[in-house]
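Which chain is which? They are A, B, C and D, in the order written, and residues in each are numbered from 1.
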Amino acid sequence: MSEADEQERAPEKETGRLEAFSDGVMAVIITLMAIDLKAPTGGGFSDLGRTVPGLLVYVLSFGFVGIYWNNHHHLLRATVHISGAVMWFNLHLLLWLSLIPLVTAWMAAHWRDHAPTASYAVVALGSAVAFTLLQKAIIRADGPASRIAEALGSNRKGQVSLVVYVAAIGLALVNPVISDVAFVAVALLWFVPDRRLDAWR
Amino acid sequence: MSEADEQERAPEKETGRLEAFSDGVMAVIITLMAIDLKAPTGGGFSDLGRTVPGLLVYVLSFGFVGIYWNNHHHLLRATVHISGAVMWFNLHLLLWLSLIPLVTAWMAAHWRDHAPTASYAVVALGSAVAFTLLQKAIIRADGPASRIAEALGSNRKGQVSLVVYVAAIGLALVNPVISDVAFVAVALLWFVPDRRLDAWR
Amino acid sequence: MSEADEQERAPEKETGRLEAFSDGVMAVIITLMAIDLKAPTGGGFSDLGRTVPGLLVYVLSFGFVGIYWNNHHHLLRATVHISGAVMWFNLHLLLWLSLIPLVTAWMAAHWRDHAPTASYAVVALGSAVAFTLLQKAIIRADGPASRIAEALGSNRKGQVSLVVYVAAIGLALVNPVISDVAFVAVALLWFVPDRRLDAWR
Amino acid sequence: MSEADEQERAPEKETGRLEAFSDGVMAVIITLMAIDLKAPTGGGFSDLGRTVPGLLVYVLSFGFVGIYWNNHHHLLRATVHISGAVMWFNLHLLLWLSLIPLVTAWMAAHWRDHAPTASYAVVALGSAVAFTLLQKAIIRADGPASRIAEALGSNRKGQVSLVVYVAAIGLALVNPVISDVAFVAVALLWFVPDRRLDAWR
C-alpha cells in the first residue's frame, strides 16, 4: 500500500472507530435494560399489570440513552480531530451511561423509595457532566476557531439538564415522583428539534 | 484536514452511523433472546424435549427480528438524507423491537395462555407501525420525488402485516395457537423475495 | 447529493452492512457465553477448580465461533454482490451460531452425559451446513466465473468438518469424550493457515 | 463492479472488519460487567452501601478494558497488513479479555479472599501477554522497517505491566489489597498520555 493510500484512508478513520465503539456500548446498554424486564411469572393479564412500573422506567431510560446516542452522533459529526483526552472523556461518559441499567432495575423494583430515585438522578447528573467534559475536550482538540466551538457557543439545554438533575437528587429525598417528572421533562426538552445542531446536517 | 476532505467524507456518514447503531441494537436483541433459552437442568434427552416450545418461539422471534433487520437494511440503502425526525422514529422502532425478547420469554414459558400471545401481537403491531412511521419520515426527509418515495409507492406487505397483527391480538383471546399461525404466516410472507426492493441492489 | 455521489458510495456498502450485523451478532454470541461462566460461589481455590470443565468448554466454543468469524470474514472479503438469498442464508448461519451458548452451557454442566454432547454436535453440524449453503448462495450471486467460485473450487476442510460432526452425533451416544476430541480436532484443522484463503489478502 | 472499484475498496477493508469485531466484543464485555452489578434487593441507602465494593471493582475493570480498547485502537491505526496470524492473536487477546467479567464478578463478591484476586491477576497477565503477542504478529506482517515496528521499538509500559501482574499473582496470596493497589497503579500508568502513540494521530 502506498503512502498516498494511507493518506486517503486517514479522514475516514479519525472519528470512525470512536463512534463504532461508542455505538456498540450504547447499543448493548439500551438492550441490556430490557433483560432486567423479567417476563411475568404467571400467564395472565394481571401478571402483565405488575410489570407496568418496570416498563415505564425502561421507556424513560431507553429515551435517556437514546438522547445521548443522538447528541453523541451530532457532536462527533462536527468533530475533526480526536486527541488522547477525547478518548478518555468518551470512555468516562460511557462509564456513567453503563450504570443506567443498574439504577433502572433498582428504580423499577422500588420506585416509591428515596434511594433508587436519588441514585438515578446521580447517574443522570454524572452522564450530563461527562458529556459536557467530552464537548470541552473536543473543542480543545479542534481549536477555538473550529466549527464545533462556534456551534456549541451557547449550550443552554445542557446547562438546564445539569441544574434539573442536581435538583432531582434533592427532590428524590422529599418525593421520588417529583424527580420522575423532572426526568421526563428533561427528556422531552431534548426531543424538541435543535436548530443549532440540525444546521450541520 | 481541508474543506474538501470533509466534503468527501460526508456522503459516507449520512446514514452510516444510524445503520451501525441500529445493527448493534438488533444484533444484541437477536442474541439476547438466546439467553432466555436456559440450558435444561438435567442431562438427558427428555430434558431437551421440554425446551422445544421455547426453541420454536425463539426461532419465530429470530426470524421476526431478522426480517426487520433485512427491511431496515434495504430501506436505508435507498435513503439519502437523515433528519432529526428520522433519528427519533428509528429509535422508536428499536424500542418496540427491544421488547421482543421479553414477550418471547413470556410466550415460551406460557404458550397456552392468552395474555402472553396477545402481548406478543401487540409488540409485533407496535413494531410494524413504527416501521411504517420511519418510512414516512424518510420520505418526508428525502422528498416526494426521491427514489425511496417512488419505490415504496405501494407497500402491500406492510399493510397486510398490520391487519394480521391487529387480528392476532383479538384471536389470542380466543385461541393463542391461531395467533401463532398468523405470526408464522406473516414471517413467511416476508421471506418471499420482494422484486421492488431487489431492484435497488 | 448528486447521482455521482451515490454511485461512489455503492461499492463500500454492498457487503458492508451484512458484515457489520454479522460481526455484531458473533461478538455478542462469543461474549454471552462468558456470562454462563458463573463466578464460583465460594472464595477459595477449590471453588475455582470446579469451574475448570466449564472453562474448557467455553474455550472450545470461543474457538468455534472465532473460526466462523474468521471464515466469514474471508468469505465476504471475496464477495462482490449480495442477493436477497445471501441475506437469508447469512441469517440462517447466525441462527445456528446463536444456539452455541445454549449447548455450551448445557455441556459445561453435564459434560459426562450423552444428550448435551450430541446436541452440541447437532448445532455444530447445523452451523457447518449453514456456512456451506451461504457459500453456494454467494457463488450463485457472483456467478461461476467469479473470484470466489474459483477460490472455493475445492473446499476440503468444510467437507471434512461436516463428516466429523455427523460422526460426533453418533459417537456422543457411545462416549461423549470421543466427540469432545473430535470437536477439538476440527477446531485445530481450521487453525492451520489456509493458503487458498490467504492468497486473497 | 470493475476491477478498479475493488482495488479502491481494498485499503478501507484491510483492518476495518478486525477492528469492528474487536470493538463489538470489547463493547459487550465492558457492558456485560454492569449486569453482574445486581440492583440492591432493598430500597434504602444502606442497601446501596453494600454495592460499593462491587462498584469499585467494576470501575477498575471498566478502566482495564477501556485501556485495552484504547491501545488496540492505536495499534491498529498504525497497522497496514493483516495476516492470518494477526487474526488469531487478536482472537486470543479477546478470549483473555472476555474472562474479565468472570473474575470481576468473583472479586466483587469475595474481595477479601486470595483466590479471586489471584485469578484476576492471572487474567490481567494473560491479556497483557496476548497484547504483546498481537503486537509482534503485526510487526511480523508489516515488516521490521514499517511505521509500527519503529513506533513500538521500546515498549516500556507494556513490560512494566507484565512484571507488575506477575507480582500481583503472588502478592494476592499474601494480601489481596496489595494486588488491588497494583492493578490501580498499572491502570493509572496507562492513563498518562503516551507521546509515542499520540504522534501517530
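Rule of thumb we're sticking to: a contact is a pair of C-beta atoms (placed from the backbone, for glycine too) under 8 Å apart; a residue touches a chain by one contact, two chains touch by 3 or more.
In this text the structure is predicted, and so the values were computed from the model without any measurement.
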Turning angle required so that chain C lies on chain D, C-alpha fit (0 to 180°, nearest 5): 90
Type of chain A:chain D copy interface by residue overlap (half), same or different: different
Most distant chain from chain B, judged by the mean position of its C-alpha atoms: D
Whole-Å gap separating chain A and chain D, where each centre is the average of the chain's CA atoms: 24
Chain B and chain D, separation of their C-alpha mean positions in angstrom: 34
Where chain C touches two or more other chains at once, by residue number: 12, 14, 20, 24, 27-28, 32, 35, 81
Chain C - residues contacting chain D, complex: 11-12, 14, 19-20, 23-24, 26-28, 30-32, 34-35, 37-40, 42-45, 47-48, 59, 62-63, 66, 69-70, 73, 77, 80-81, 191, 193-194, 197-198, 201
In the complex, chain D residues that touch chain C: 1, 5-6, 8-9, 12-14, 17-18, 20-21, 24-25, 27-29, 32, 35-36, 81-85, 87-88, 91, 94-95, 98-99, 101-103, 105-106, 109-110, 112-116, 119
